[in-house]
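Below: a set of structures, written as C-alpha cells.
You will see two complexes here that share chain A, one where it goes with chain B and one where it goes with chain C.
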Partner chain A sequence: MEDAIQFEKMIKEFSGFKLGPLNFTLEPGKVLGYIGPNGSGKTTTMQCLTGLLRPESGYVKIFGEVNDPNETGWKSKIGYVGDKHVFYENWSCARNLKFVSQFYPSWSDKRAEDLIKRFDLDANKEVAKLSKGNRAKLSLIQALAHDPQLLILDEPMDGLDPVIRSEFTNVLFEVIENEERAIFYSTHITSEIGRLCDELAFLDNGSLKLKTEKETLLEKWRTISFQSTNHDLKLPGVVEQKVSGNEFIIKTQDFESTLTALRELSISDITETRLSIEDIAIHILKGGRNVESL
Partner chain B sequence: MILNLTDLSDEPLQSQIIRQVRAKVLSGSLKAGDSLPSIRKLASSQKISVITVQRAYEALEREGLIHSRRGKGFFASGINSDTKKEMAELRIQEKIEPIIKNALAEGMSIKEIETLVKELLKSIEG
Partner chain C sequence: MWNLFKAEVSYNKWYLFMILAMPLLFAFGMQYGFKLITGVDFFEKYAWSILVGLGSYMFIFIMWQMRHSERRNMQHALLPIPIVDIALARMVFGVLPFAYVLVVLSITHQLLGEIIEVQLYRIFAQLGLLFCGLAFIQLMMDIWSLKTNMNEKNWFLIIGSIGCLIVFISMFAVFEILIPAYRQLFREGEEWMFFLWGLILLTASNFVFVKRSTFLQ
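Now for the complex of A and B:
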C-alpha cells in the first residue's frame, strides 16, 4: 500500500526561516505526532502538506500522488482541522456543512448528522454564536463527513476544555480503528497525544530532529541512579548527568548501551525509571547535550 | 475484555496490558480458544495507541499465552498446569529479587529476611 504521506527532500524557505529538507513518511494505519515548539515550522509543514504553500524544492505525496493544488484526487482523501476553525460566520452550522459537502463526492450527510448528534451540537445555530469548543467540533465534523483516509490536525485542541478534548480524542481513536486510515497530528503539547500516537517526530527550528516509534523512544530513554567513586565516567547515550559526592543521576537516550557500560565498570547496583514523552521532548528539542539527531 | 489502565503508574501501559491479560489467561477467566479483541479495537476502547497494543500482544504471543490465526485475530492459548506453575515462579522471582536486594542494601541480613518472610507466610496462611 502507498504511504499516506511522503515528504521527499522538501524545502520551504522564507526570509530568515528555512523548513527542511524534510524526508519522512507516514504509513496507513498509524498516528504520527508532530511535535515542536511555537515557531518551529509545524504550521508551515501543514500548509505544504495541504497544498496552501508550494515548496521551493522537493515534493509531498499523498497516497502516492503529488499534492498539486490544481488536482483534486488527493484532496478528497484528506480531512483537515486547524486551530482557526474558519466558517461563514452568519450562516448556520448546517448551512456551512451543506456548502462544503458539494466539494466532496464521498460526503455523507448521515455521517455528519451522526457526529452532530454525538457532539450535541445545535446545527441550526449561527456559527458566530458558537463557543470555541463547539467551533472545534464543527471543524472536526466538516473534516470527517467525507470519510477521509488521511486526517491532518494542526493543534486542533488548543484552548479546548478537558471534556471537549476527551470527546475529540474518542473520535480520533475510532478513526484509526480502520487500518487504511492515518492521522498526522501537530502539537506543542506532548501530553495531549501521548496515548494516541504510534510514532513521534520532533521538529526544531525548521529541521526534523528525530522520528521514531513511541514505544521504542520510551524504552530507550531512562533516568538511572547509581554510586561510583570514579568521577570521570564516560558513558554512552548520556544526555544529562548530575553528581553529588558519589551519587550519580544520569539521563540516557540509549538504556541498553549505558547499562552495558555500567556493567563493564562493575556498577550493578542501579535504580532506573522511565521518562515521560514530555521530558524526552524537552531534551530532544532544547538540546540537552549529545542528543543524537537524524 | 476489560482492562484497567492508568497513566499514574510507573508501570508502562504496555506492561500493564501484558500483566492483566496474562492474569486473565492464567486464572482461566480467558479460556483456551477464547478470542481477544483485535489490536485496533482494543486500542480504541482503551484509548491507547495501536503500537502499544501491538507490542503487548507480541510479547504475550512470545510467552505462549495467546496465539494469532491469520485473518481471524488473537486467541487465548491452552496452558497446562506445569507451565502455569513455572510462569508463576518466574513472576514471583522477578518481583522478590529487587526487594531482597534493596533490603540487603538497607542493612538487613539474609537470616533476618528469611525470618521475616517465614512469619509473613505464616500470617497469610493463618
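Now for the complex of A and C:
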C-alpha cells in the first residue's frame, strides 16, 4: 500500500527561515505526532502538505499522488483542520457544511449530524457569532464528515474545553480503527498526543530533529537513580545529570547502554522510571547533548 | 466552478440585489420626474449615472473586501476542485456586477430613450475597461500574496510580474495609436478592441492565480 504521506527532499524558504529538507513518510494506519515549539515550521509543513504553499524544491506525495493544487484526487482523500478556520462568516454552520458537502462524493450528512451532536454545536448559529472553540469544532466536523483517508490536524484542540477535547480524541480513535487511514497531528502541547500517536517527529527551527516510534522513544528515554562515590562517571546516552552527595539522578536517551555501563561499574540499587513525552520533547528540542539525529 | 460561483452569488445576494435595484430605482425616478427640492430635478441628466456608478462600485468594493478578509481563496483551495476553477469562479463573480450595471444601463437607455443621455453605445468599450481594471486588481493581489512567501526567487517573480504589467500598459498605448487606423477600417468599432483586451488581461490574471505559490489569502 502507498504511504499516506511522503515528504521527499522538500524545502520551503521565507526570508530568514528555511524549512527542510524534509524526508519522511507516514504509513496508513499510523498516527504521527508532529511536535515543535512555536515558529518551528509546523504550520508551514501543514500548508505545504495541503497545497496552500508550494515548496521551493522537492515534493510531497499523498497516497502516491503529488499534491499538485490543480489536481483533485488527493484533495478528496484529506481532511484538514488548520490554524485558521475559514468559512462563509454570515452563513450558519449547517449552511457552511452543506456548501462543502457538494464537493465530496463520500460526504455523509448522517455523520455530520452525529458529530454536531457529539461536539454539542448549534448548527443554526451564524459562524461569525461562534466562539474560537466552536469554530474549531465546525472545522473538525467539516474535516471528518467526508470520511477522509488522511486527517491533517494543525493544533486542532486549540480553544476546546476538556470535555470536547476528550470527545474529539475518542473520534480520532474511531478514525484510526480503520487501518487504511492515517493522522498527521501537529501540536506543541505534547499531553494531547501521548495516548493517540504511534510515531513522533520533532521539529525545531525548520529542521527535523528526530522521527521515531513512540514506544521506542519511551523505552530508550529513562530517568535513572543510583548511588556512587565516583563523581567522575562517563556514562553513554546521558542527556542530563544531577548529583546530590552520592545520589545520582540522570536522564538517558539510551537506557540499555547506560544500564550496561552502570552494571559494568558494579553499581547496584538502580531505580528507573519512564520519562513523559513532554520531558523527552524538551530535551530533544533544546538540542540536548548527544541527542541522536535522523 | 459553477458551485463556487453560485455560493458567492448566494452569499452576496443582498449586495447584488442593491446593485440590481439601484439603476432601476433611479430610472423609475427619472421616468416620473421626482423632485428632490422644489424645482430641482433629483435625477439630472448625467448625475444619475454617476450616482448609480458610484453606488455600484461601493457595493462591489464591500463584496471584494469581505471575500479577502474571509480568505475565500484559501477556503476554496482546500476543496477538491482544480485551482483553475477557483480562478474562473473568481473572475465570473468579479465581472458579473460590473456587467450587470452596464447591461441595466443599456436596457434603461433603450426603454427611456432620450431622457437618459449616456454614451451607452460604447458599452463594450466600458466593459472592456472594467475587465482590465478588475484584472489589474487581481494581478496586484496575486503579486501581493507573494509577500508572505518571499525569497529571492519570488522577488524575481514580482519584478517579472511588474515587467509584464508595464508591457501590457505599453500595449495599451500602442492600442491607442492604432485606434484611428482601426476606425478607418471598422468605423466606431474600437469598443470591441477594449473588450478583447479586457478578456485577454482577465485570462492573464487567471493564469497568474493558478501559478501562485500561496493560497493563504
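In the analysis below, the second predicted complex is superposed on the first by the 294 of 294 C-alpha atoms of A that agree within 3 Å, B and C clash if a C-alpha of one lies under 4 Å from a C-alpha of the other, contacts with A are read in each partner's own complex, and residues count from 1 in each chain.
Going forward, contacts are C-beta pairs under 8 Å (C-beta built on N, C-alpha and C of every residue); 3 or more make two chains touch, one makes a residue touch a chain.
All values derive from a computational prediction rather than experimental measurement.
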Do chain B and chain C fit side by side on chain A in the superposed arrangement, or is it a clash? fit
Regarding the shared-chain residue A:S225, is it in contact with chain B (first), chain C (second), both, or neither? neither
Partner chain in contact with A:E215 - chain B first, chain C second, else both or neither: first
So, A:T72: does it touch chain B (first), chain C (second), both, or neither? second
Examine A:E179 and indicate which partner it touches, taking first as chain B and second as chain C; both and neither are also allowed. first
Chain A residues in contact: does chain B have more, or chain C? C
Output check: A:R274 vs chain B and chain C. Expected answer is one of first, second, both, neither. What do you get? first
Contact-wise, after the overlay, does A:C197 reach chain B, chain C, both or neither (first, second, both, neither)? first
Pick one for A:T260: touches chain B only (first), chain C only (second), both, or neither. neither
Least Cα-Cα separation in the three-chain superposition, chain B to chain C, whole Å, stands at 29
Which residues of chain B touch chain A once you look at their complex with the stated criterion? 7, 10, 12-14, 40-41, 43-44, 47-52, 55, 101, 105
Contact footprint of chain B on chain A as seen in their complex: 29-31, 169-170, 173-174, 176-179, 194-199, 213-215, 218, 269, 273-274
Which positions of chain C touch chain A when the two form their complex? 3, 7, 11, 66, 70-72, 74-75, 77-84, 148-151, 153, 210, 212-216
Touching residues (chain side chain A, partner chain C) in the complex: 13-15, 47, 50-54, 56, 69-73, 75-76, 80, 84, 86-91, 99-100, 102-104
